[in-house]
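Contents: one structure, followed by commentary.
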Amino acid sequence: MYKNDFALTPPMGWNSFDYYDAAVTEADIKKNADYMAEHLKQYGYEYVVVDIAWYAHNSGADREHFEYIPFDTVEIDEYSRLLPDPKRFPSSQGGNGFKPLADYVHGKGLKFGIHIMRGVPRIAAAEHMKLMNTTATANQIAHPSSICLWNSDMYGVRDSEAGQCYYDSVIQQYADWGVDFIKCDDICDSRIRHEGEESTWHEIRMIHEAIMKTGRPIVLSLSPGAALIEKSWIYGRYANMWRMTDDFWDNYELLKPMFRRCEMWQDHVKTGCYPDCDMLPIGRIGKHFNQDRDTRFTYDESKMMMTLWCMFRAPLMMGGELTLLDEKTTALLTNDELLACLRGTAKGTQVYRDEKKACWKNVDEVTGEVRIALFNLADEDAVLSVTAEELNCGLKGNDALTELWTGEESAFDNGVLTASVPHHGVCVYKVSTWETNLQE
Amino acid sequence: MYKNDFALTPPMGWNSFDYYDAAVTEADIKKNADYMAEHLKQYGYEYVVVDIAWYAHNSGADREHFEYIPFDTVEIDEYSRLLPDPKRFPSSQGGNGFKPLADYVHGKGLKFGIHIMRGVPRIAAAEHMKLMNTTATANQIAHPSSICLWNSDMYGVRDSEAGQCYYDSVIQQYADWGVDFIKCDDICDSRIRHEGEESTWHEIRMIHEAIMKTGRPIVLSLSPGAALIEKSWIYGRYANMWRMTDDFWDNYELLKPMFRRCEMWQDHVKTGCYPDCDMLPIGRIGKHFNQDRDTRFTYDESKMMMTLWCMFRAPLMMGGELTLLDEKTTALLTNDELLACLRGTAKGTQVYRDEKKACWKNVDEVTGEVRIALFNLADEDAVLSVTAEELNCGLKGNDALTELWTGEESAFDNGVLTASVPHHGVCVYKVSTWETNLQE
Amino acid sequence: MYKNDFALTPPMGWNSFDYYDAAVTEADIKKNADYMAEHLKQYGYEYVVVDIAWYAHNSGADREHFEYIPFDTVEIDEYSRLLPDPKRFPSSQGGNGFKPLADYVHGKGLKFGIHIMRGVPRIAAAEHMKLMNTTATANQIAHPSSICLWNSDMYGVRDSEAGQCYYDSVIQQYADWGVDFIKCDDICDSRIRHEGEESTWHEIRMIHEAIMKTGRPIVLSLSPGAALIEKSWIYGRYANMWRMTDDFWDNYELLKPMFRRCEMWQDHVKTGCYPDCDMLPIGRIGKHFNQDRDTRFTYDESKMMMTLWCMFRAPLMMGGELTLLDEKTTALLTNDELLACLRGTAKGTQVYRDEKKACWKNVDEVTGEVRIALFNLADEDAVLSVTAEELNCGLKGNDALTELWTGEESAFDNGVLTASVPHHGVCVYKVSTWETNLQE
Amino acid sequence: MYKNDFALTPPMGWNSFDYYDAAVTEADIKKNADYMAEHLKQYGYEYVVVDIAWYAHNSGADREHFEYIPFDTVEIDEYSRLLPDPKRFPSSQGGNGFKPLADYVHGKGLKFGIHIMRGVPRIAAAEHMKLMNTTATANQIAHPSSICLWNSDMYGVRDSEAGQCYYDSVIQQYADWGVDFIKCDDICDSRIRHEGEESTWHEIRMIHEAIMKTGRPIVLSLSPGAALIEKSWIYGRYANMWRMTDDFWDNYELLKPMFRRCEMWQDHVKTGCYPDCDMLPIGRIGKHFNQDRDTRFTYDESKMMMTLWCMFRAPLMMGGELTLLDEKTTALLTNDELLACLRGTAKGTQVYRDEKKACWKNVDEVTGEVRIALFNLADEDAVLSVTAEELNCGLKGNDALTELWTGEESAFDNGVLTASVPHHGVCVYKVSTWETNLQE
């Protein structure tokens, strides 16, 4: 079993966070799974992911003051392992954990994912609770200053045999439930420390090893970002996805810097290894953040985002509520010609970038298809261009192109592709080098 | 009551940490108080300070692995206030707290100090314990990510009315016990955050205000360093001492940088405001660190340290065990002519410094006494000099001088004072400008 | 001669930069001196300062591309000393330098200042030119990587005897011309290096020493900021003013952070030592920046700025063209009751500050006058308040107050002073503690 | 012509710097080329590189004070292009440049390389000199603050058409001379600025494009380090080698951190893309640094270095004088079994690392050969081990191994390879997985 085989293309799916925050329920998950199976599965979307705090008893109960209530109680078994909150996940009662819900999702032909916080529960350390398969107790594997700065539920696990036992017992339980995808939080850029005992690099390895021991190909996704480029070798060795950015929301101030991030990480996109741009905050979002709203992105900005994510070959995790999808948002998610960029034979490369504009190409080495995106990063509409020479991928400079959002035909003019691009917008074209070459 | 009146000159005394680490007992404190009263009080030493972890039940019990045992139990009252461990401090039993021990110290004509960690006990937050004079509970005033990175006993207190109530109740208790000096830890450079809710700046103010409310002139000393120079206005407004350095030990690698630190802070030494160089690790130290030893400083290095501390006008807190003082170490602590630098009418100023050498002057504006120190920072012996012009304090350039460690007479030669100074050593001279001027 | 006697109160005057950029002429200077003598001298304004590039032959000639033309020619004497450009400063011809212009300004009962770049001219180093009173040549005292990042005219001077000779010869020339004020640039925060040979700390000392040798009390002002707080001891020892900020312009994004800067530096304001907020960009500014305009500050913002500068006791250097002053701008500059904050017996202190609001007090220790400013930093109007207890300066809590911009009477109510303050605005009050106390 | 084809394996050769500093001559180059052709070519060494300051007239003349004399004169043509100093490179006279010397080296079956500083000569900017194929002059393409902090010869070139013309003219001249390898300095980590106009990222691209225009496959090597990992995509796109470290010398304090650097860059070693560990400072070095000496590395340290460089697949540029090679040093350079790690089919990977030890594997994907190195980073001898499971490359755990420095046979014991490794030393083993698998 080889980690990079777990995700031969960038994972696609839906995650509960952008709409449900820390208060998602079993019913919410099921209806989104239903919708995905019926409407999106055919485009490649398959992961249904339960995000943060499924074990917390009062999560969301005092949302005005706290996203995560400090020193709250949690559902936990005798071996210091967290369980789903039975009020929000009724099928988990009686020791079932997430198995019934995972079965439901699998029954739809989809895959089931969960969010976890790295570490061992705070309450287990405070109360010196037991662990499975070791005589050590939770306080002994917990590092008291390896904390998450924004959530008080856990302590980091020390790099030790007993610590590995704990992680093995937790991940095996998830495998037994049928989990296909783990989004592990507070571990990609843990913020508390990047060196020494409180750093999290050993926990990435420990979780990876625990996954390998289960024999189940569980995709490992690391949060939050910004991932540290100098640790790329760790992410690439042990994980399938890692976040290039802190939480991403529907704000152009966050979208524009993604071009810088994608530039920096472009050579790190490989089979089984996907730098991650976070969820797609489009459609209907924000309900349990007490700001139920349509995305604040303009439609041009949404297209810019979808195009960059695809050209770069980032995972596509929809954040908006699926059951409230409208036609225009659906169109963003289901552009087959753009989704083709995610194929395992394709590779995305930045052609140029400055503060005003960027150009990317995505070349499929097998089909010879080339996709070219001209992004207008400025606050005014602009005419952008790129030359066949700059693209440097076998184009003749007289090639015919199709814009992928409008379907309009276009062409190189004397070796130059020129387009009027709206502010915060994109034009993205397809051309086939092989067809072009055959025409000659 | 005005904070700067609490310490008209740099505080002098003894602190238990360098010898007893986190395991000091009542008997240890008493015998050092006895010794101080008999042998050192006459030189100005007056504070006897119980350092860290006096409330912890098992402190020191697993010293090989931990200086402070994570998730340990502590002695605590119903209002979330820590009490002395009754095993180590028997007189504290029955709700006496440190009152009997403080009385004992006061009976010797000395002052009594204690170390505290900022914040509210971790266990109080975990168990949602009560606080005095407020309906809020400990979990509500505790900030879960405002932790100490090296000790798991406390959480920082939020900037709130209930938080102030808690600090008022704690500090009033200390005042009731007869505490004269509080060394508050994890607050001067808290390391977890320097901005935002987890920073500790508001806690400095809250503790200061709690002290003012007691009506007792309790000296407030902040640890650990390095203090942030950009926050000097906070330290100066609310505290009497603040550490310029992380823990200081008997290692020249730590001593040499003190020259840089003293340079930076030299203009911040004022009545009631003393940048602090930490304890004097001389004589016998290290017992409960499992390395009972004589100081590793050479005698020259010890003189260098004492001279710098005095020229700068730093607090003088002896770290070595007083009852084991030998003659040479005693001589370091009791050089009257050097201690004169600490007077309220004196001011220390760096004359020059580079990687090889430094020169300081200390001028008493009332008596006209000038003290001049030539420090050899290099690893080889050297001839150092300074001119009357550089000293710029009314010297004539033909003044007679006395070296304060040897008693040898010296003189300016044609406006230049020159000395052979051993490596890692110092020559320090006294001259009286008024005498000089009168001679003319 | 003692440096701190050169400026017993914060220097006040006018500087050519905000209106004339790098292209000011002799005629411009004269007409502003005329205006100051007639209209502003009575309020304490006295310095007339010729800002940057007075020696450059083509300064301003290609303003679209360059503020300072790279590799331009300059007016220079045989000893590597820069002279005024004779085209822009005709009276300087024939070796007069700035003497005739200084005489003119002095004739008006005012003082004359100039801007200089630290270092030795680039061209002098390139051509191995002579220096005065030393056999060394300019290339030998120039450090090739001690450059200014935004102006190519000079190289930093090495810490050497020959380097001191050069500075002595330059500053003596300025003294001979009758210069009263030197604004030295690229030296306070030089940006190229803060440690090592390329740092500028030694040049501050060298220039100070050169000034002392002239026997002329030339005020030394250091630019640009942000000054480094850890080097405050250097600024305070050798200079009279040092910039707390990079260039300040009429933009609230620059004004708001000045509250943070004033907070940090508040304890460093002393006689002869003035952390500097840069020029006052009000009235008519920007002409030779190719954007001749009225200030972009609202009138409330202008009052906020003037009030903060005065409460803090910053130097007041008008940036706008004096001959174009209107009545409202004049009122900003000539509020006697506010200017009283600058007296040598007054001291400014921040009472509180957060992101939304700030409060300062300015107390005259001799007259007992207290001034209290409530600043609304937020983008919405607000009701702000401060208690007599917070002010902690002898107020009774029933004191009568006068608002200094409107003249309206106000009062404490039950120990609380409350005011409706417009967004980006201020209310500032005067009260006399002595009068108050006498009333009792 | 594709950049990555210029160096199908890590370049090997000799560079003049470690022995000759900035004072190498034509005769020095020739005798080293002679030696390489006779003794080292057969092992793969082929590049003979003339390092820094070949154009400077007085380079080395005042070595006590300056490595590079500030504001020195240089040999330069009318188009602002530097030429070899005719005194040190007599064959260059008459406009020949390096052509005769390159021809000599080529005649030996070797390749010829030179060092350059990025940018346009300082003197050309100061004197507004001409450029080839453009009406712009040198002052117009020079950025005055884009300087090298340790060498005053050049200014950085602006990102402009005229700037590209200059670089084209310079690189074409090198191609005409027969240059095969350019080590461009002050460009990989330029230290002056990493963002904005003074940064050097555009100059890397400009030089690459100039090389591509020549049609000559000139290897591009970038100095100095440490290269910025966040700019890896730039190095990889435009260069063949880039320095992971500042200048590397014979000091274990520099060698040990190379393990951290190799860890970080391990996934960036690809065909045509080689993170570079700098020269091998072994044998006889230091002559023109005024410290002609044998390497200070112990023989164990030298083996550690050679082994790490090879396992990682770094370029191998000998720094010591070839004509003074002794037998032991020659053995370090010519270990065929270790040099096999450099093959294009091999890949190096770190297995583990902490402060005391490190383990690397190098696997040849075609031959199935595995090399395993156990490095002892500690200051004491140690027994180190690694398991077949950790190596994770098809070993059976009973495989036979040969140590590559001693030739001794060894074996896995129950899945564990164990070795006694001297402090600062290494044991490196070869095993063939295919042989192993065939045995089964």
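Read from first to last, the chains carry the letters A, B, C and D; within each, the first residue is number 1.
Basically, a residue touches a chain if its C-beta (ideal position, glycine included) is under 8 Å from a C-beta of that chain, and two chains touch if they have at least 3 such contacts.
Bear in mind that the values here come from a model prediction, so they are computed numbers and not experimental data.
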{"item": "Labels of chains that are neighbours to chain A and to chain D", "value": "none"}
{"item": "Homomeric contact chain B-chain C: same or different residue positions, threshold half", "value": "same"}
{"item": "Chain B and chain D, separation of their C-alpha mean positions in angstrom", "value": "52"}
{"item": "Between chain C and chain B, distance of the C-alpha-averaged centres to the nearest whole Å", "value": "39"}
{"item": "Touching two or more other chains - residue numbers and ranges from chain A", "value": "none"}
{"item": "Interfacial residue positions of chain D with respect to chain C in the complex", "value": "70-71, 122-123, 125-126, 128, 139, 142-145, 147-150, 152, 198"}
{"item": "Touching residues on chain B, where the partner in the complex is chain C", "value": "229-230, 232-233, 236, 263-264, 266-267, 350"}
